[in-house]
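Just below sit the structures, each encoded as structure tokens.
Presented sequentially are two complexes of chain A, the first with chain B as partner and the second with chain C.
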Partner chain A sequence: MLDNYLPILVFIAIGIAFGVGPIFAGFILGPHRPDAEKLSPYECGFEAFEDSRMAFDVRYYLVAILFILFDLEIAFLFPWAVVLDQLGWFGFWAMVVFLGILVIGFIYEWKKGALEWE
Partner chain B sequence: MSFERILFYLFAAILVFAALRVISSRNPVHSALFLVLAFFTSSALWILLEAEFLAITLVLVYVGAVMVLFLFVVMMLDINFAPLREGFTRYLPLGAVVALVIVAEIVLVLLRGFDTLSGGAPAPKPADYSNTRAIGEVLYTDYLLPFEIASVILLVAIIAAIALTLRKRPGTRHQDPGKQVQVRKSDRLRIVEMKAEPRAGRAES
Partner chain C sequence: MIELLIILAKIILIVGPLMGAVAYFTYAERKIIGYMQVRLGPNRVGPKGWGQPIADAVKLMFKEIVVPAQSNRYLFLLAPVLSIAPSLAAWAVVPFGDGLVLADIDASLLYILALTSTGVYGIIVAGWSANSKYSFLGAMRSAAQVVAYEIAMGFALVGVLIAAGSLNLREIVLAQQGGIWHWYFLPLLPLFLVYYISGVAETNRAPFDVAEGESEIVAGFHVEYGGMAFAVFFLAEYANIILVSMLVSLLFFGGWNSPFEGIWGLETLFGWVPGLVWLLVKTSFFMFTFLWLRATFPRYRYDQIMRLGWKVFIPVTIVWLLVVGVAVVGDLPPWWG
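Right, the complex of A and B next:
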């Protein structure tokens, strides 16, 4: 079974070589004239005003965590879709119950206004 | 040494390196990106174990979703991380004790596990073997209760996330497209009937 993944490994190796190779070649072949000014922070001609890090709104966090939860739900759907022909109605209703419980959460977040972006 | 074993040691070395950089990197965003690398290499290790569905789920869920959340949290906190690094030597003994306990537990588990695995490595699966199918066959039948409990846990997480982070801003102005579409002429426009005014002479010639 691992033989199936050999092309992927080759792809990864070639991809890394394509990405790293030119950088490495430029590092070796390019001229080296180090200067402190080259490393200084630059923002349209003047020194940077502030740190690039800044606080995000907490609402991004809510969107991200809701995305994770429904992403996990999708992960449960994949094996179910593959074996549904063997499971029959029992497996079908098992997934309906699973999705039904999550739909309760979905209705809750919709009614609560968590999907609204004011 | 077989090719698979060489790959295992290669991925394991990258994994250990990435994990070390996660805790030693000065920039927390770099730590998060090294954690992505650690997830990728551990998913490669899981593929070597022929657990392909779990490996791809690891990439999908952890790299795709959880790491985005981590980056949000790292950026959202907006704390200067330099003060957090103070007292590293002071907390080092306690951390070492915790690490030793964890290592001892892992060794105990692995020693018992190797005893039961005395039959050697399981035979490699044929090329058309579907790991996803094997998981699905047991997950929705034998492990039905844990599966349904997982949905309840996800529901609790949805409600907890909303309860903790949902903030209403009273002052914000936003458009409601539904209301905009539903508006009628009578809501906005008022026609006033009145007599025409006679012209009061020419103001200017």
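Right, the complex of A and C next:
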């Protein structure tokens, strides 16, 4: 059973090699002529000003938090979905209650305006 | 040791054609969009431009990789690897036919969901480590968009799981046997549409490509990358497009099942076609629609993208999950009677 996972491990290693290999090759084959202008961050025509690690909109943070909630929800739904056929109506209604609580939270955040981007 | 070599050979059998497909998908993209816009597309390198992808690869190979002075250089070089490794490794569990799979694990769909979610780290690390305003803004946008659509995508997958009763991709395809009307795109039509459109948004493709809205933030999170470092991001993006197309065919369009199953006359007429060919035909069709969408639709505004993801797709999928649940538990005809 577990040896089915060996090919996956090897494949992940190959995937990493596919990222490292070309970059390495690029460093060897490509030229190296750095200068101050070339190494400065790209900014349409003028010298870079301010720090680029600036404050960002709090809504991105909100999206990240909501994502964690909903993704966890999906993780809970996965095992339930696989055996729903055997669980019957009891399993179905149990999950309806669970989803109902989620939907109440969803409506709340919707009304609060957490999903608004103008 | 021998076992390891066999695994390696199999992986090369998957990755080799995949890389070829990526190379010629970029060619197809430029050619098809060219014809859709009444242009010729690339036609100089080799007959009808067939050498173009190879010429591009060689050119990128000999370009300088610029590492900006203020960047976090190790993270900067790690980001492309973080983005390509999951998009290739996800192929380990993709079945190409009944039994034609590298790793036939029970949790294959979960594995794919986990790996494709990991791709967002590549985006956010690339954008942050480059220390450039454009790439930072691009990374914020892409990451928020990708995670928003990931939820809709996950809910759509739950619907498929309820219908098939298995996490194993092979068993999901086998559950769709018995003709074109048994394929899940019919009973799960809303989920199929949500999944496909989320797939387009997940890969940051037009019309959801605000991350690289050229007129606003240049190339988005990979604006500071050049040469092979850029090429690796590019490979990852196209490998992901092919993966999404493949998954749509497997999950909703019967995978390697023939569309003529159960139709008198046509079934025997096309009986000699191997299942792999059907799977590839379906996958190619969805890859083509990616290009078609790009040539047809103008770019969405960012608030429109977020509204579609949160306020349309999530309610639609939750409602349809309940519909599918009732149909499966209640054994309702025509699909679960």
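Keep in mind that, in the parts below, the second predicted complex is superposed on the first by the 91 of 118 C-alpha atoms of A that agree within 3 Å, B and C clash if a C-alpha of one lies under 4 Å from a C-alpha of the other, contacts with A are read in each partner's own complex, and residues count from 1 in each chain.
We adopt the following convention: a residue touches a chain if its C-beta (ideal position, glycine included) is under 8 Å from a C-beta of that chain, and two chains touch if they have at least 3 such contacts.
In this text the structure is predicted, and so the values were computed from the model without any measurement.
Engineer: Tell me the contact category for A:His32 with respect to chain B and chain C: first, second, both or neither.
Structural biologist: A:His32 contacts chain C only, not chain B.
Engineer: Output check: A:Tyr5 vs chain B and chain C. Expected answer is one of first, second, both, neither. What do you get?
Structural biologist: both
Engineer: Is A:Met95 touching anything from chain B or chain C once the two structures are fitted on A? First, second, both or neither.
Structural biologist: both
Engineer: Who wins on chain A residues touched, chain B or chain C?
Structural biologist: Chain A has more residues touched by C than by the other partner.
Engineer: According to the stated criteria, A:Leu72 is in contact with first (chain B), second (chain C), both, or neither; which is it?
Structural biologist: first
Engineer: Just chain B (first), just chain C (second), both, or neither: which does A:Val82 touch?
Structural biologist: A:Val82 sits against chain B and chain C alike.
Engineer: So, A:Trp110: does it touch chain B (first), chain C (second), both, or neither?
Structural biologist: A:Trp110 sits against chain C, while chain B stays out of touch.
Engineer: By the touch definition above, which chain A residues appear in both interfaces, chain B in one complex and chain C in the other?
Structural biologist: On chain A, the residues that contact chain B in one structure and chain C in the other are 4-5, 53-54, 56-57, 59-60, 64, 66-67, 71, 78, 82-83, 87, 91, 95, 99, 106, 117-118.
Engineer: Under the stated contact criterion, what part of chain B meets chain A in this complex?
Structural biologist: By the definition above, chain B touches chain A via 4, 7, 47-48, 50, 52-53, 57, 60-61, 64-66, 68-69, 72-73, 75-78, 124-127, 129-130, 132-133, 135-137, 139-141, 144, 147-148, 150-152, 154-155, 157-159, 161-162, 165-169, 172, 174.
Engineer: What part of chain A is in contact with chain C in the complex they form?
Structural biologist: 4-8, 10-12, 14-16, 18-20, 22-23, 25-27, 29-34, 36, 38-43, 48, 52-54, 56-57, 59-60, 63-64, 66-67, 70-71, 74, 77-78, 81-85, 87-89, 91-92, 95-96, 99, 103, 106, 110, 115-118
Engineer: Tell me, which parts of chain C touch chain A in their complex?
Structural biologist: 3-4, 7-8, 10-11, 15, 60-71, 77, 80-89, 91-93, 102-105, 110-111, 117, 128, 130-134, 136, 140, 143-144, 147-148, 150-151, 154-155, 157-159, 161-162, 165-167, 218, 223-224, 227-229, 231-232, 235, 302-303, 306-307, 310-311, 314, 318, 321-322, 325-326, 328-329
Engineer: Tell me, which parts of chain A touch chain B in their complex?
Structural biologist: Checking each residue of chain A against chain B gives 1-5, 9, 53-62, 64-69, 71-73, 75-76, 78-80, 82-83, 86-87, 90-91, 94-95, 97-99, 101-102, 104-106, 108-109, 112-114, 117-118.
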